[in-house]
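Dropping the structures in below, format is structure tokens.
In the two complexes that follow, chain A is the common piece, with chain B as its partner first and chain C second.
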Partner chain A sequence: MGIDRRTFIQLVTGGVVGSLFTPVIWKSLDDAAIWSQNWSWIPRLKYGQITEHATISKFGPSPCSLMVKSVAGSPYVAKGNAENEMSKGGVDAISAGGAQLLYSPSRVKGPMKKVADGKYESISWDDAEKMLSEKLSAVKGQAGKLAIVSGDATGTSSEVLSAFAAGMGSKDCYLMPGDEQAAAVALENMGGSGQIGYDLDNSDFVLLVGADAMNSWGSVVRNQRVYADKRPTGGDIESVYVYAGPFLNSTAAISDKWVPVAPGTGSIFSLGLAYHMLNAGASASVADFADFKTLVMSRFTPDKVEKAIGVAPGVMAGLAKQLMSASAPLVISGSEFGQGAGAVDIIAASALNMLLGRVGEQGGMKLLADLPLAVDAAASRAELSSRDFAGYLAAVATDKVKAPEVMMAYEANPVYAMPQATTMAAAIAKVPFLVSFSTWMDETASIADLIMPNPHSFERFDDAQTPYGVGTTMLSACAPVIEPLYNGKSTVDVILSVASGLGIDLGYESVEAVLQAKAEKAGADWDSLVEGVAYVSDSTESDSLKFAASVLSKAVTMPKGGEIALAPYAKLNVGSSTMAIPPLNCVTVSKFELQGKDLFVQINGKTAKKLNASEGSTVKLSGAGGECVARVHINEGVMNDVIAAPLGFGHTAWDEFSRGKGDNIAKILTVGTEPGTGMAVWTSSFVSVA
Partner chain B sequence: MQQIEFDTKWTMVVDIDKCSGCGSCMVSCQAENNIAPMEDGSNKLKTLTWMLVYELNNGKEFPERESAYLPRPCMQCGNPACVPVCPVVATTKDEEGGIVSQIYPRCIGCRYCMAACPYHARYFGWFDPIWPEGMEKALSPNTSTRPRGVVEKCNFCHSRLMDARARARAEGMDPNKLPDGWYKPACLEACPTGAISFGDSKNPEHKVHDLIKDKNAFRLLESIGMDPQVYYISRRDWVREQSDNHLPKDKH
Partner chain C sequence: MEEKRASKQCGGVLAFFIGVLASLVIGWWVFPQVIYSQKTQPIDFSHKVHVEGEGMDCESCHTFMEDGSFAGLPSNEQCAECHEDILGESKAEETYVNEYLNKDVEVPWLVYQYQPDNVYFSHMAHKGFECTDCHPDVGNSDTLPTYYENRISGYSKQTMKMWQCERCHAEVGTSNACYVCHK
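Our next item is the complex of A and B:
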């Protein structure tokens, strides 16, 4: 039997139909698709028991209580801890990637010393401590020879550092700049004690003057959670928010009203409102009320205020009326970028709270009692907060103060994050022996003579007390979630060990013992704290304050006008003063802030025309201490004659996720001195544009 | 294609008026779904952002300018444009709850679905995912890693739905009638301003059941008939107006 044409077609057809019914082909194709994606270099998932542990992260401007989920002991995701009053279940955009930051390429993996040609050599902890001890023993007991700066305003670790400085005979223990500094100086001038707090939770009308509560002011995550609770989705608004500032930032965007106010003029704005309140009969039983009233009624009349900050009298009068008719109004003032504001901004806003009768009231401004110190020789929180590190460095830069022999930076990156950064970095460069305790290879660590890395937040014992801005005294603490991945050592343990060798008795032998003692003295239960529950106390100080009219009279000056003002802003997703752009956050950066390596600053169309700039054009901004190059984005959410510029870019150290991206706006901030208080301020920075 | 009507409809409601654009949702999404960090995050054509926050404004000049932020996950459309165009059935809408699946090993990377999606919610992996050394130890066990060359997208953190169902079974409950709050995507859990609500919009006991009927609730591009399972709420007229290509006299 031969194969004819018909048989051939039948065979082919039969084969095709048969193949359609056999799974072999489809299974093979499916397998081919799967196996063609099964490359050895694509990481495989790790499985195991899922656990959750509470911790605190200090990556952002204020501490955030977290629940960290781990698989087989390895953390992989962080979420807010709803049981903790300090951050009320929220998580910030840095902490959300906290687990991935454990493996950041910028982690310092062990102690290192600088050797010739600026390179680093790994050394043992014993050698590192010996090296530090030798340097410190040479300056012990000599004032001005040791300076310490801490970027942790809430931890008991800063108590240990300030007590150690005292034991060494140094008064130069500082905190990195923050709004708590202006608040502490303001409170001192108003005759109060404790710490200024704001009961946002119970307020029904919140006026934020400069203070960017959703990004950089106070306890940011908590602010966000309170905002969320007071404005339930689909429900009635229980608290009205008004933002006054130079830039339509995200706080302004989600507020009910944005009042454009020139940068660094918050005190004028507040006193302008006080004028309308006083006119409407507001008063306060305070010794210097008459002086205050005379000052406001003569120097902050509606026309003068409009001329100075550009807010129309009608807007001011309307806002004053709203404040006076609200049942629980609250005025909060601060820097637009979390640092550099003057004490007068806080004093002027406090004056409004006093005129409204809101000091010490529910939903008002509170004077919170400090928790007892754990370390006897430590400076009080008020004292430590009020010390002026920017002023100190500026004096070192100009040789008014001799540079210390040893400087130690804890949780701080002053080489990058200080205002007028180039000048301040030059001041730090004068220090013969710089020690960095940074977890990360930041700008300060990368010029330090000795690096003694503190473990990552998830790897260490830590605590946080009453972050600036919250309305009640509180304390949180945490134990390690994971064993240290690298050869880090708690800075507190290092200091305790070195202090002991130098004959300074700080009273404790380990960080855990210090933190437990803090909890015990505060009346908190340590076990509850490390399980993630915050200790909260309603203990407050006397509500008796004065207007500090004499300080206001000296310190509040009207701007000259006609210049281009800088309005820096800080966004949490970009990092903080201690954290560069984390790896997972790169994609969250707006195209209006960074494209490739180009930084963008924002100006409105009218200002662009004045500066002869257009969308995407390149400008050079010059301040008193440096220059920045950026491109222009036209944004009508910026005031006339103002340049809004994002902080957090232009890193020169760290890793590929942040290094070399954009420019550091801190370079063009101009540090001045506030008349009346003498503290360094830099919210009124002007730039020339070329 | 006939639209399947499920008894459960997992629905997200985003309150635009509360979103501060902080980016926590985006970061948390990447951690939960094993999206590798990208060095140049500004190249928005190459980045993988299952959840992406857009910035909106009212188009007016200073001082009348207002702005808002709009987080955009996959809309999990009731009538998805991406599903019928997939030549290899790598994306389907066939599971109770209405989540549009994406089966990575089956995807051949043709990107028809990306072209079809009117919300730009789908992403093509142009590069192999590379984690910095050691960071692969922080991979989530919930989402498989993907090689380059496939399309990926938000799936409302589907593994969390599986976990919630497993919990319901363990507690002797109906896994298709989960109580409100048992199933929460990572973005919701991370959002500090509480802008994201989530639940079964067909279950009267879930908050979103009522939220989607709010007078200020709307969906993106409703006029093209995708029937998204993501709703937005805003009191601001100009925000609602931008949700679709409206004619000037349309009511919003």
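Our next item is the complex of A and C:
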């Protein structure tokens, strides 16, 4: 029997038939199916002991106490720490992705210096510190040669920086702008001391003037938790909320009543309410009460207020009556976007609290005692808060003040986040040697001459004291949750080391020692703090305040009208002044704020008609220092002649998740000077539209 | 002509059956050997020495963690509780201490029943069963079983397949709903 074609086919056929009765085909198919699930790029889970450690994140404008769950030492989820009074178990939209941000493509992986063509070269920490020391050594003892800006308003690290600046002979150590600046200046003018706080927890009627408490004012996460506690779903409402502001933002949306008030006119609104209260017999035993009453009764009559801000006398009278009849009313004023408000906004709101007898009372406005300084040479919290970085940079931009030789930015991104950003960035560009301590390759780091990355929040020791807006003095601290993934080094350790080399004794050798000393001086237990329990103190300052009538008289001016006002707003899901859009949050960006690379601003139909704009049309917005291009979304929740515009877009550095998306509204903010206090303000920014 | 056709038909049937037979031999004898590669563990670990010699049991090293999850294989930290220094004269122990423990490198043990990430298997939920109901009985063995790795899927030959899980669930009356094992 030879093997011919027919035989061969029969042999093969037999083979095929036989194979059907073997595992070859079936197992191969099964294994192939399993193999197809094992692509090399599919992330693999890590297995091991699941642990939980407390930490503090400072990604948002206010610190957030977290519990971080790790598996085999690697954090994988961050959740709120319900045991901590600072954020009451809430977690903000940036911190929620804190574990994933450890691996952000924007992280700076080690110290770098700028070389030719604007590129960066990795260097050792020894070389980086030597480079910094040499530059600082050349300017030591010379006023105006060193400027430091910190974006951490609550950390003891800012104390170390201010003490270091003092040791260097510099008075130019600042905080990035925030509502605490206006509050500090206001308190100083009212003759108070400590820090203004608001006891939201125990108030039964909260009037928020401008302050977007659910997005950008004060301790946002804590505000949200207090609101939820006071108004449980399906439960009794224990606190009434009223919001006065330029558009239906998150705070207005959750309030019982929204009163449309143009940006930057909060002081007029508050003093208009004061008129009705004074008319109803409200008074206060304060030295300048008579001056205040005269001022209000003459310049803030219902008709004048209506003409200035468009709120009807009946609405004002009704609201004043509600405030006076509540058992624990509280008035809070601030910027609609967490920065740029004037001191007079705070003074005017404080005047209402004084007329209501709510200063120093439970559920009212408090004057919180500062915790003792850990570093003797540091500026007090009030002094540091009241320093005006925007005013300083504006003066540098216009050559009224000479640019420093060295500028150091800690947890701050001033090139992007300062108002009138283009002007301020130009001022920073005048600095011959810029040092960034940023964890991220942000806009400031990307032009810095030296980058010395601070570890991620989860990788470092840190603390946070009494965030602006809370009603009691408090302190939280944290130890690292994870060993540093990259070659970062605590900025405080860097400063202590450099200071020592320059002969400046700051009294400590490590960041941990500084923070422990802070806790000890405050009377807190360090071990409890790092376990996630906040130290809380009822200590307050004297309740004796004055109305600062002379400041109000100079600073409150009636708007001219007819202009298009800018109402920026900040939403945590798109980042903060120190963080760009976190990668995980891209899907949460509203289509009414960003589509593709187009930024959207919101105006109502009447304003659109006036500007000859329609849904989706492109407009160019021009401020004093720059321009922005955006498309229009018609939203009847915006008041007339106001453009509501989201901050947090238009990054030029960072990563693919945020770079080149939309435009930076900070460019078209206009920095002015507040009469009476001289501080830089920018809530009254007007734009021209083309 | 007829004879030639009949002869061809007969030869055709034979060829067909030879094909079938060859397939069966390849499929049932050759294929199972070819589909798996054989691997040996990085250290010649003796369970017997630990169980009989030291009186240990499975739970002495294969523990549950505080949160109830299963620790799986012991880490260097656990092994070092006894083996900080070389205790005996075994070559395997010397290799472990010198090559892994002293160099702070975890032993890359080959896990016989590793499940993919999309399977949520809780040892705690199966605590009522004997370890050997699912795992090889190595407690009284001086050597570790050969590790057979599937050349296509990459998984161990001993990895429990889904039908095995389902069969046992059905037998003991546990739900076989997807979400029981896949979250």
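Rule of thumb we're sticking to: the second predicted complex is superposed on the first by the 652 of 690 C-alpha atoms of A that agree within 3 Å, B and C clash if a C-alpha of one lies under 4 Å from a C-alpha of the other, contacts with A are read in each partner's own complex, and residues count from 1 in each chain.
The working rule: a contact is a pair of C-beta atoms (placed from the backbone, for glycine too) under 8 Å apart; a residue touches a chain by one contact, two chains touch by 3 or more.
None of the values given here were measured: they were computed from a predicted structure.
**Student:** Would you sort A:453 into first (chain B), second (chain C), both or neither based on which partner it touches?
**Tutor:** Neither partner.
**Student:** Please name the chain, chain B or chain C, that touches the greater number of residues in chain A.
**Tutor:** B
**Student:** With the two structures laid over each other on chain A, which partner does A:28 touch: chain B (first), chain C (second), both, or neither?
**Tutor:** Touch partner of A:28: chain C, not chain B.
**Student:** Touching A:233, do we find chain B (first), chain C (second), both, or neither?
**Tutor:** After superposing on A, A:233 lies in contact with chain B but is clear of chain C.
**Student:** In the overlaid three-chain picture, which partner chain does A:18 touch, first (chain B) or second (chain C), both, or neither?
**Tutor:** In the superposition, A:18 contacts chain C only.
**Student:** Mind working out whether A:61 is in touch with chain B, chain C, both or neither, as first, second, both or neither?
**Tutor:** After superposition on chain A, A:61 lies in contact with neither partner.
**Student:** Return first, second, both or neither, reflecting whether A:37 touches chain B, chain C, both chains, or no partner chain.
**Tutor:** Both partners, chain B and chain C.
**Student:** On the A-aligned overlay, A:6 touches which partner chain: chain B = first, chain C = second, or both, or neither?
**Tutor:** Second partner only, chain C.
**Student:** Which of the two partners, first being chain B and second being chain C, lies in contact with A:50: first, second, both, or neither?
**Tutor:** So A:50 meets both chain B and chain C here.
**Student:** Residues on chain A in contact with chain B in one complex and with chain C in the other?
**Tutor:** In the superposed arrangement, which is not itself an observed complex, chain A uses residues 34, 37, 44-45, 47-48, 50 for both chain B and chain C.
**Student:** Would you mind writing out the residues of chain A in touch with chain C in their complex?
**Tutor:** By the definition above, chain A touches chain C via 1, 3, 6-8, 10-19, 21-24, 27-28, 31-32, 34-35, 37-38, 44-45, 47-50.
**Student:** Would you tell me which residues of chain A are touching chain B in their complex?
**Tutor:** 30, 33-34, 37, 39, 41-48, 50, 71, 74-80, 90-94, 96-97, 99-100, 102-105, 214-215, 221, 224-225, 227-229, 231-234, 248, 250-251, 253-254, 258, 260, 485, 571-573, 582-592, 594-596, 604-606, 635-640, 655-657
**Student:** Would you mind writing out the residues of chain C in touch with chain A in their complex?
**Tutor:** It is residues 7-8, 11-24, 26-28, 31-32, 35, 65-67, 69, 71-72, 116-118, 150, 152-155 of chain C that touch chain A.
**Student:** Which chain B residues qualify as touching chain A in the complex?
**Tutor:** Counting only chain B, the residues touching chain A are 13, 15, 17-24, 26-28, 30-32, 34-35, 37-44, 47-49, 53, 55, 57, 60-69, 88, 104-106, 108, 128-129, 131-141, 144-147, 149-150, 186, 189-190, 192-195, 197, 207, 210-211, 214, 233.
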